[in-house]
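In what comes next, chain A is part of two complexes: it sits with chain B in the first one and with chain C in the second one.
Moving on, here comes the complex of A and B:
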């Protein structure tokens, strides 16, 4: 699972040292026994997408029919993009890393961008099929391109 | 009366059993503005139901023309019975007075001895009366001319299509000329149909269930000594006609409805017909339309007729709860308050939404974009742009006139927001402002109900979905129960 996540994130071209850190290379530089940040970031990204889906399609939907246009979809999606970027950018810095691994802010930016991108894709997929969108009343036909 | 009935049928009011209504309007005054407006509303109604059918709540009773029943296509006109030989014809020429012998001339002079006033406000003999604006308060003239009904092609088509379970309802005013004369003549033609060899179903006609609505004076009219229409004559003519009906007419009817209003309101323009005769709609006409619905709801067992004589004749009147000159739903008695309150509120909500919020919601809300989608192309098509909006404008005009007349019937404040739309039932939001009825709530309800049903066309969706939605809204917000 981690390998798959790493593969799709590393397409964005950041240093492999950051990838090693995200895989859980521990502070003693001995083994992959640290936090599996790839999996954590990925699961958080999924949770954010689900959360935003519920917020827009189920919760706000109960109170108003106005938040159901493609503009509303993009606002929600951009909130997700910002959150996923922020989490991917900041989370790796909170975990102590092996001294031998070298990566900087530019790499974190690329990792953040990758997470934001996949978050967006996840949100698009989540809202592109009639289920679970059909659970919504007002936004049941709302996707990134309509109405 | 027919216009009010059309509006009520459009709003979803319907008899308990399914009926197809075939209005036949008999008026020699073909330039009458009220007649034109009524026919126009009927035409719009018919085009709407041709497109979406009658199973959608609004517009749920089929209205047909007599012409549409005529397989030979020999009838002209639409909903009107065209009186022959009345255009540009004086009464005396209608029955060839000049060719009569001296004795018959003397008899005609005796029977039609009165004086009247023509459209140029000149005093003339009754025999000189021009007939293309009606019989202006002279039922004795009308009864001669309207005798042509039983020999007309219209009556033949009507009779040939008349079935055992069909019913007849005759509407007339008692204080004028055309209606007062036409009602007994037409009733007699129907009951005596068995004596005519050239028509089918004469037995069905003779024993048919016939209801009638006779409208007693209900409006005031400007005093004009140069006009043949005189308010002071109304009561005398009514008394005379009532006595005639008591002796000669009532026993032939299964059900008779009397309607009138003694309230002296704002005077109508005294127009015998030469200016087109355009009068404001009046609440009595709404009550009259309810009488038609009431008659359709009566069980067959109460309308048995044998050998042209009803077993029972029932007479009905109509009352309001409060004698107020400004009526809203609260002033009506329970039955009509619920019927009119529910259906007119639904239809007015529909109208108000289309007028004020459709632009905002079209192609944005799920109810609009779901298949079959009601989009801007549909909005600009003939059904919506011409037929439905045309009808709704006529509905607006009808409500405006009812509200401006005296006594007025003004159940809605249509310029206000949705919370204050129904005058005697303003809605309350709670202290946090929650539960406020706004178009957002309306859209949510539309989206909710749209999700539960499939529709055959965008037009059908529009009518059916709005009926269901406004039905739920009137139930939840105003406590009206759907039938």
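Moving on, here comes the complex of A and C:
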């Protein structure tokens, strides 16, 4: 699982050392016994996508029919993009790293971009198929290209 | 909606070792119960396979707490071995030793050696040795060190005129067993005599020493640590033709041999039986029976790499790429538990590689590096470099060899010792002396590998 996540994220071209840190190369630089940040960030990204889907399609949908337009979809998606970028950019810095791994803000920007991109793709997929969109009343036809 | 249970399971199932270690150290003590809890969690996850043994987990915990500056008492500590053996000290008191004993250097070093030996042995028994062993009734090490005088040597008797080194070694080994380790102190200068071919004599002595050691290896688990020390020398030196040469205030080498089981030798080395502080110790060499090569703790490190790679594990790298056709990486290795000592492993000539396209260099880690989080617990840095990068399982072997200093300090003609300063710091026949020991420990061993390190490299 981690290898798959690492593969799709590392297409964005950040330093190998950041990838090593994200896979859990710990503070002692001896083994991958640290936090698996790839998995954590990925799961948080999925959770955010699901949360935003529920917020727009199920919760707000109960109170108003106005937030079911294409623009509403894009506003929700961009909130997700911002959240996913922010989490991926900041979370790796909160975990103690092996002192031999060298990466900087540029690499974290690329990782943040990767997470934001895959978060957007996740949200697109989640809202592209009739299920679970059909659980909504007013936004059951709302996708990123319509209505 | 269906993904929420999956996420919940994933989140609940994740175990953060470092978070747990920080948590249990909150009160400054890790109880046995807390330790067992950590270990149980570790055993459930393949990710922590390398920490499944208590020694590895304790080492990891110590390192983690040191890096995080957390003072904590751990439940499992090293248990000091009980003192279950005596050490018999044999001071070889032939005439050739008279030049040392008039000076303070040798006496202070012997006294220091005896004090250090007392710390890890049950009893220190004192003896002189020439053509026979002469036991000293007292166990007072201070008096023994002070009484290393010509007068007392003469009074103790025995034939001091010639020294058959092979016979001395055989006699001391004969008195060595699992309950009795031995220390032999001598200048180990062979005395072929005026009418004997020196080289033939040395070769005969080498074989006799080899024979004596092989015989003892058949009786017990035997290891030998040999320390070369320096001391002031004023007196008569007998060259290989038995001519007397007067030496005045020169520095001459002499040797202390510690003979015992591997465990006893290890204990002697750990307790610094020969102190390094007083500046008298020059070199040492350790010989032991090599079986299957040992595997030290090692890991690939990021520092100093040329090209790029990903870590798959501490001994497996992938996606290896060259930079301008060049590829290099480093391995941090902990040789501290090997009897050979740290200096031995700093010599790149002892290493062999499974792929000759690689070049190797090695150095001890600097003091600053030893205190860094990533290098603490390791002793050496091995650098491997190639221009022909390929997917490979690279095997780095350290071989059992006679240390380089032995040949550098050995002489086959000491007749000019009175005027040649370089000769004064050499020992006549040293390479034959240690050659015999080295050959004995290699008898019946096809492959003298003492260490093997394997690194998997995927392109």
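Methods note: the second predicted complex is superposed on the first by the 147 of 147 C-alpha atoms of A that agree within 3 Å, B and C clash if a C-alpha of one lies under 4 Å from a C-alpha of the other, contacts with A are read in each partner's own complex, and residues count from 1 in each chain.
In this text, contacts are C-beta pairs under 8 Å (C-beta built on N, C-alpha and C of every residue); 3 or more make two chains touch, one makes a residue touch a chain.
All figures in this text were calculated on a predicted structure; none of them were measured in a lab.
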Side-by-side fit of chain B and chain C on chain A, or clash: fit
Contacts of A:56 with chain B and chain C, given as first, second, both or neither: neither
First, second, both or neither for A:91, with chain B first and chain C second: neither
Chain B versus chain C as contact partner of A:138, first or second or both or neither: first
First (chain B), second (chain C), both or neither touched by A:100: second
Partner chain in contact with A:68 - chain B first, chain C second, else both or neither: first
Touched partner set for A:146, first chain B, second chain C, both or neither: first
Superposed model, chain A: greater residue contact from chain B or chain C: C
Shortest span in Å between Cα atoms of chain B and of chain C, once chain A is used as the common reference: 21
Chain B and chain C footprints on chain A, overlapping residues: none
Residue ranges of chain B in contact with chain A within the complex: 363-366, 368-370, 440, 443-444, 447-448, 451
Residues of chain C touching chain A in the complex: 1, 3-4, 7, 10-11, 14, 16-18, 47-48, 50-51, 60, 63-64, 67-68, 299, 301-303, 308-311, 313-314, 319, 372-374
Residue numbers on chain A that touch chain C, as the complex places them: 16-17, 19-20, 23-36, 39-40, 43, 46-47, 50, 96, 98-102, 132, 135
Residue ranges of chain A in contact with chain B within the complex: 64-66, 68-69, 134, 137-142, 146-147
